[in-house]
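Each of the next two complexes has chain A plus one more chain, namely chain B in the first and chain C in the second.
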Partner chain A sequence: MRRIQHAFLDEYSDLDSVIHKLDPRAKLIGFVALVVLCVSTPPNLWLAFAVFLALEMTVLFISHVPLRHVLKRMLIVVPFILAVALFIPFFNKGGGSYNLGPLKVSAHGLTILWNVTIKSMVSVFAVILLSSTTPFPDLLHAMEKLKMPRIITTTLSFTYRYVFVLLDELQRMKRARDSRGWSGKWLWQAKVIGHMIGALFLRSYERGERVYAAMLSRGYDGQVQTAYTYRVGVAEIGFLALIVLVPIAVRLSF
Partner chain B sequence: MHIPDGFLNSGVSIATGVVAAGAIGIGMVKARDELDEKSVPLLALCTAFVFAAQMLNFPVAGGTSGHFLGAVLAVVLLGPWLGSLVIGLVLLVQCLGFADGGISALGANAFNMAVVGGIFGYYIFYLLKRLLPRDKKFFLLSAGGAAWLSVVLASGACAVELAISGTTPLSVTLPTMLGIHAVIGVGEAVITTLVLAIVLAARPDLIRSYDYGPRMYELDEAEVG
Partner chain C sequence: MHHRPAVEIRSLLYSYPDGTLALRGIDLVIEEGESVGIVGPNGAGKSTLLLHLNGILMGKGDVRVFGLPVEKKNLQEIRRRVGLVFQDPDDQLFCPTVFEDVAFGPMNMGLSKKEVSLAVSRALRDVGVAGKERRSAHHLSYGQKKRVSIATVLSMRPDLLVLDEPSSNLDPKSRRELSELLQNMPITKILVTHDLPFVFENCDRVVVLSAGRIAADGAAFDILSDEELLAEYGLELPYGFYPVQRQRSKNHDREM
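And now, the complex of A and B:
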């Protein structure tokens, strides 16, 4: 059988570094705290954002995840910034204004643009570091340990297992569709997509029924057994100090 | 429509987060009798399905494309509570696994897509279904109409949140967002209708809100339990 081709989830999370070996709870708490601190920082504290980025670059360096991968993934926020935020300096009227050729650019608007751009970039960087140093199942386990309802974590662990299978299925359908001359330019061609999604749903659902029957026959009683062991050691405390206490210290010192 | 971190102020993030968590939490309590270990594989496969379906871009007009949201499809298939839980789970995976949608904006995204798009979308669908004659054609029409409206309303909620946060002026963002999504919503409606038509033809027993025809068999009998 062909190997599953979708490495888009969990890419680089199987590397072997100090960061990868950390307790996933520490990483989850650390990166989420970093995002919250970053989002709540006033936009005029330039140095604070520089410190956030420096911390992230340090973690990136220690983790051996290639910078190219992070930059590529960071592109995901660009469309939103372009569509929603880029026009702000031209419409906002607050603050002084600069003339940029025939266009007027307001200082207040520029601050907002800077604010959303730097914050979304720093936060996306943090989430990418989290997801490329922690395999998704470990992340789910950390959430469960942190008292997330079990129905959510168990469901997501199955979702993780099956999303690759479904995407493979979808890939096969797409190949079949494209080899039949589908060009995909106009709304009326959406019918084909509708049929594909319908077929995908039926196959997913029926697979779910089969999987559940198979699980029952193997003694499933709602508990998923795992063999993870967790510890909070020097490395975890050091990491949390770096990623949480340093930003707090920076924030307090201004 | 996935809002990244940094676009919303803390008030909006917290308020939408509380409402979204509350709605999904109430949903989980309401669906408790359905929501046991038994439903895990089913919910998981539906989550994976919506996730995969969102990766299919469909053409809007001459080259531009939108992607399928699936909120109304999920609630019509699974009911408002399980359906919105599935949408919430999809958002959680996209946020943590792909950095698509911010962590601090997760509440707002869940509010827009699971609460406004999903739960509210379900009641629009329910109302349309009640008002229209009891017929398969009108069932599909109500789902399509609700799908269109849910996408438009969700984008409107997104514009309002951005405006309250002081990021973008409402007078510019609201018309733009509504305009773009009025077009994207057509694709959403067409696909939702087509998918439901196919499921209705093959396995009408899977659509929880379809109570017109005789069911082939009840769900419990189909399972080895």
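And now, the complex of A and C:
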């Protein structure tokens, strides 16, 4: 039973910087606050966005997570920005317009494009920082400690544990299928996909039953307990001051 | 107090909801301290039998563990005392981290955080994977997953260890290490496996299960050297493995 390698969900989260060592609750609150503050900032406050990005760059620098990793992960927002870019500038009239070669673009449209671009970048940057400085299990505990509903944290926890097991299973099925000459060129072969989805569903269902039996065997009675303790210290307060208070101060100063 | 065997099963019948008759009358007594191997062809009912030992399945008949009838009111106590390890570590390990998986049982037992931490470190040390607490099971090798799976029940300090196919998919070194680990554990053990040499190394007694019935039950040496019996139930020793020779070297080791 060979294990197929996948990218880590929380790559670099096992580094050993000051940021990595912070209480995960502080990081969760800090970055979420930063996102909320950023999203609620009017798009014409250029300086505010510069401050947000500078803060994030500072955290990145302290955490020793390579910039290249962040940039790579940030590529996922590009399609969304492009989709917005394609439509909005042309459909929104008002606030004057510019001629870009043969195209006429409204100023209002450009503002919306800028708004979407900068806010999604700052937000995604924050999420990447959070996930690459905090192992996912710690994040789950932070959510639990912050009284996020159990059903959500438990679901996330099983997802984290089994998403790769499931992908491995799918990968193995695909190999078995391709080893027997499946080309995907013929219509009748499409049926095979249906069978595979069915098999995957069945396997997951059966796995679910076995996992539940394993839980019962160790005395599970419907109540999940946790054994983690965290403490909030100077570092956490410093971090929260930096990541929450600075943006608030910037916002208030306009 | 009168004598109580670790496991006492009387005329146990079980059929799955779809009608498959998996156990057709099992009678089995296992004494405390015994180490018993259960062998038999695929579909014989071995795994089904194991699931009756802690009440995951409940069939017709009488099952007692350490004198306690396996029934709803005793389940909590029984599940603490019976450490059942499933074949696939991906079923056994369902938490985000190794620590939480090994802590799951002790937490359900209601131990304090400090006791839980202690139980976890001890169990992980016993199976030789100390220091992997914060890892995700996904990032462990197969051999390490198997060990952690065993740690998940050792942390509950069971009195009976029940392992389904413990040596399957292990490389020879991991398999030998597992064998050593088991031999150093002085509790009652039940191993289900197709790996007859593994049974020979680790068990004094062998039970052959076939089509939901016990076909043979006896000393490991007697059963494993009975070629006719093995052949009848589709069991085969690996080429070049002779119990007689192994027994001699076992005895030799003992005398030294």
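Criterion: the second predicted complex is superposed on the first by the 223 of 254 C-alpha atoms of A that agree within 3 Å, B and C clash if a C-alpha of one lies under 4 Å from a C-alpha of the other, contacts with A are read in each partner's own complex, and residues count from 1 in each chain.
In this section, contacts are C-beta pairs under 8 Å (C-beta built on N, C-alpha and C of every residue); 3 or more make two chains touch, one makes a residue touch a chain.
In this text the structure is predicted, and so the values were computed from the model without any measurement.
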Which superposed partner A:F136 touches (first chain B, second chain C, both, neither): both
More chain A residues in contact [chain B versus chain C]: B
Partner chain(s) touched by A:F158 [first = chain B, second = chain C, both, neither]: both
Chain B versus chain C as contact partner of A:S217, first or second or both or neither: both
Chain B versus chain C as contact partner of A:V84, first or second or both or neither: first
First, second, both or neither for A:D178, with chain B first and chain C second: neither
First (chain B), second (chain C), both or neither touched by A:R207: both
Shared chain A surface residues [contacts with chain B and with chain C]: 136, 157-158, 160-162, 165, 207, 211, 213, 215-217, 220-221
In the complex with chain A, residue positions of chain C that touch it: 51, 54, 56, 76, 79-80, 82, 84, 86, 88, 90-97, 99-100, 103-105, 107-109, 113, 116-117, 134, 136-138, 141-142, 152-153, 156, 169
Residues of chain B touching chain A in the complex: 2-7, 10, 13, 28, 35-38, 40-49, 51-53, 55-56, 58-63, 65, 68, 77, 89, 92-93, 95-100, 102-104, 162, 166-169, 172-173, 186-187, 190-191, 193-199, 202-203, 206, 222-225
Chain A to chain B touching residues, read off their complex: 8-10, 32, 35-36, 38-40, 73-74, 76-77, 80-81, 84-85, 87-88, 91-92, 112, 115-120, 122-124, 127-128, 130-131, 136, 139, 149, 151-152, 154-163, 165-167, 169-170, 184-187, 189-191, 193-202, 204-205, 207-209, 211-213, 215-217, 220-222
Residues on chain A engaged by chain C in the complex (per definition of touch): 1, 3, 135-137, 140, 157-158, 160-162, 164-165, 207, 210-211, 213-221, 223, 225-227, 229
